[in-house]
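Consider the two complexes below, in which chain A is the common component and chain B and chain C are the respective partners.
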Partner chain A sequence: MTRRERLTRKILGAATLCAAALPLSILIFMVVLARPLFSSFSVTDLLTGTWEPLQGRYGILPMMTASLLLALASLAVAFPVSLGCAGLIFGLAPPVVTVPLRRLVQLMTGFPTVVYGFVGVFVLVPAVRDLFQAGSGRCLLSALVPLSLMITPTMTLFFSDAFAAVPRPILLAATASGADPVQRFVWVVIPSARRGLAAGMVLSFGRAVGDTLIALMLAGNAARMPSGFLESSRTLTAHVALVIAADFQSLEFASIFVCGMVLYVLTSCAALCAWRMRAAAERYSG
Partner chain B sequence: MKRGCWERAVRCGCYAAGFWVVSGAVAVVGFAVRQGAPHVTPKLLFGGVSAREALFGGAPVFDGLWPAVVGTFYLVAGAVALAAPLGLATGIYLAEFSRGRLKEVLTVFFDVLAGVPSVVVGLFGFSVSLLLHKMVSPRLGPCLLVAAFSLMILVLPYVIRATQSALEGVPQEVRITALSLGADPVQNLAWVLIPHSFRGIASGLLLAVGRCAEDTAVILLTGVVVTAGVPRSLLDPFEALPFYIYYVSTQYASPEELERGFGAALILLGVSVSLFAVAYAVRRAVGHWALYRA
Partner chain C sequence: MDPVIKIRVEELTFRYGTRTVLRDVNAVFFEGALTAVVGPSGRGKSTFLMALNRLWEEVPGADARGRVWVRLDGNERLVSDPSFPVTELRRRVAMVFQVPNPLPMSIFKNVAFPLKVMGLRDKAVAAEVVEDALRRAFLWDEVKDRLREDARLLSGGQQQRLCIARALAAQPDVLLLDEPTSSLDARAAGIIEELLLTLKGRCTLVVVSHYLEQVERLADQVYEVADETLQLVS
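Then we have the complex of A and B:
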């Protein structure tokens, strides 16, 4: 090994170390700044209590429920849509449809979230208000539609990749035994890509939980337990953005770092799950 | 007979899904264009001041988007200038110099970082600025520099991943040719591998630019304000397009402000979509011109 190679290696290694320290330091900052709250409340109090800062209660259960509800519902909407689109792209539609659809989906991954929220405020919110007589119209349902639309493109592309990774001999075998394209897609392609599909869903769940702007602009931001999709509610992410303006010494301020921790743990679990599933899928196909 | 029915239903379902996505995209773009296009004029950017005055004369713009456009530009430039060297170095290290267990662990680390919600990254940036405020100087607070640093964290995984997969995609015969002609590994990296994977890296950087330009949650927590004028230093608060759109949608004071909001939404949408389009085109284009350079 030459001197120059050793030097290059050292510099690159140092940069990698810096980059790898970032995810850890984010977690450490959250824990340290949330500490004032842990000394006066137990973890279960914080995670299962209600949010009444004036009465000295800093529980984040309502926000956690709203976040999970919104993310799971938008996943439930986006999953069949993405599966259908990925199916079209995989070959259930003629190339005249497939090629432009794929381009469009790729471009849609670039739509800014704030624009989804903006269009939602001026189109969807009045519509929901008139259709369901739902107060101001800012509710979980108004956030659900753009959120599911936002996660659909990345999910579709992920699913397309999973379908494209299905080994060709399996496809040929299915066709040779007389399956038409739809039968082949439903009974052969989807089952053999199931690990990839699961990984894509988990990642999209992470994205849906982590989105701030759509929920902040459209879900209404009332800090109470959501009891239906037409109720105004506040997600964890919106909560962080709303409370940041509070007094820096207060417990209220410390509580947003608990929210940050919960979000961090949720999304990193999602990333770890997706990674394990992908590793399993690679072993399976290779 | 029954079977034919069932298959037609699946096919129809797929087309319905495709239709839903297309109509969603059309609704978003259509609304932005219909409401925003009439207002995209020099007046939208510069308000009452003439363009020349604002660009070269340093005249302050009070009723236009110009300060927000400049703020976003500085922000993106700063974040990418920070993310590019670190991301490239890390990507190269992961692809070329790390093996086995270490590589696996590092990859998972960056997967986790890629999944961290932008509001959490913003919260981290905010707490860093609190720390600076306490430890270094009480004059420091949320500012352009902190926001650019936080955005760097947000886009770093994209740059790393793009660099790593571009390098790992270099075919074996290209990889060993220069080595067999007597180049050492560093020369091989600098003159063969990096030029060869130039397209992948460039498209990753473009995606990072797009992500920086559109993200709102991070800057919301790290120093963006409604009126600041064109930023004069890295330690000033700043304006930015995505935040302006958010602000208008929650509390606009006048119809003119609302019109500017529509214009801003159209501009931001246009910028992001064209950045993504260019990124995909760069990645897809054939012929490695960079290989034959120099």
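Then we have the complex of A and C:
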């Protein structure tokens, strides 16, 4: 190995180390900043209590519930739509449709969320208010629709990748057995791609749970336990965005780092799950 | 009595993009006979098989011109006729590939797959057909106690016989086999050869092969691919 190669290797190694240390240091940073809360409250208090800062209660259970509810519901709405779109892109539709559809989906992944938020504020919120007589119209349902729309393109692309990874000999076997494209898709392609589909779901869940703007603009932000989709609710991310303006020394401010940790753990778990499933999917098809 | 012509190929030309693989091929295949197609690799033997059941349409960039007729239920039918559903054609002109390609499901479901595709819902009938197909493919005794197992756990030779059973399940008139023994060891290949001899008569077989000894043992008629066309050798 020449001197130059050794140097390059050291620089790249240091860069890798930095990249790996960064997420870890963020976690440590959050623990340190949340410390004032931990001296007077237990973790259970914080994770299962209600949010009443004037009474000295800093529990984030309502926000956790709203976040999970919203993310899971948007996943449920986006799943069938994404499966259908990815199916069309996979070849159920003629190429005239497939190519523009794929481009459109790719384009949609790049839309800033604030655009969805705006459309929600001016179109969806009034509609929900009039249709369901639901107070201001800002509620989980108003956030659910654009959030589902936002994660659909991402999910569609993950699903398309999963379908594209189905080995060709299997497709030929199904076709040669007389299966038409729909039968082949439903009975062979979807089952073969199920691990990839699951990985796509998990990653989209991470995206939904991490989104801030849509929930902040549309969900109403009431910091209480959501009892239905027409209730004004506050997600973890919206909570962080709202409380960040509080006094730096206050316990409210410290509590947003607890939210941060919960989000951190949730999205890391999602990413780890997806990673493991993808690895399994690769072993399985290879 | 003259032998009945099962498949008639007229002026078949086949291209991949701008490269012509086969030009003006004319050939006939007799009912119940085993016809071998031989020749060096990469000269269009497999392509020729795919022209017979229109599987080439699944290959990007492929283009076939010409006419292929198959005699089904006493009538000659043009395979490219728009009123002749390609799914029905592929059930009646079934195919076995060079590398065994079991579907990612159980042994039973693999063999029952063509039945499911045809819309057969009666489980008892399906079980009967599956057993019959597995017996005809010399596989029943080896798998009868493990029908629910994943088909990919079988050995290579067993997988290939499973694929033959799957092709037989839809009661095809014609069975196309693309070098069915080339990925197998001698013993497994021997079993498949024996199996092909028993299928002769009930089914019209077209076998692509590059083992000349195998061809001599099995074939009633031999075509050789040369100079972009098919020539009758014996």
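Going forward, the second predicted complex is superposed on the first by the 286 of 286 C-alpha atoms of A that agree within 3 Å, B and C clash if a C-alpha of one lies under 4 Å from a C-alpha of the other, contacts with A are read in each partner's own complex, and residues count from 1 in each chain.
FYI, a contact is a pair of C-beta atoms (placed from the backbone, for glycine too) under 8 Å apart; a residue touches a chain by one contact, two chains touch by 3 or more.
Note that the coordinates shown come from a computational prediction; the quantities given were computed from them, not determined experimentally.
In the three-chain model built by superposing on chain A, chain B fits alongside chain C with no clash.
With both complexes placed on chain A, chain A has more residues touched by B than by the other of chain B and chain C. Of the two partner chains, chain C is the only one that A:S192 touches; chain B does not reach it.
Measuring from the middle, so to speak, at the Cα centre of chain A, the directions to chain B and chain C differ by 100 degrees in steps of 10. Looking at the shared chain after the overlay, A:C273 reaches neither chain B nor chain C.
When the two complexes are overlaid on their common chain A, residue A:I244 makes contact with chain B while staying clear of chain C.
Using the contact criterion defined above for the overlaid structures, shared-chain residue A:L230 touches neither chain B nor chain C, since it reaches no partner. With both structures placed on the common chain, the touch criterion links A:D180 to chain B and to chain C. With chain A used as the common frame, the shortest Cα distance separating chain B from chain C works out to 6 Å. Contacts of chain A with chain B, set against its contacts with chain C after fitting on chain A, overlap at residues 180, 183.
Of all residues in chain A, those touching chain B in their complex are 2, 4-5, 8-9, 11-13, 15-16, 18-20, 22-23, 25-26, 29-30, 33, 80-85, 87-88, 92-93, 97, 101, 103-119, 121-123, 149, 152-153, 156, 180, 182-183, 185-186, 203, 206, 209-213, 216-217, 237, 240-241, 244, 248, 256-257, 260, 263-264, 267-268, 270-272, 274-275.
Interface of chain B with chain A (complex): residues 7, 10-11, 13-18, 20-22, 24-25, 27-28, 31-32, 35, 85-87, 89-90, 92-94, 97-98, 106-121, 123-124, 126-128, 130, 153, 156, 160, 184-186, 189, 210, 213-214, 216-217, 220-221, 242, 245-246, 248-250, 261, 265, 268-269, 272-273, 275-277, 280. If you check the complex, the residues on chain A that touch chain C are 169-180, 183, 187-188, 191-192. Touching chain A in their complex are the following residues of chain C: 53, 55, 58, 87-88, 90-91, 94-95, 97, 99, 101-105, 113-114, 116-118, 163, 166-167, 170.
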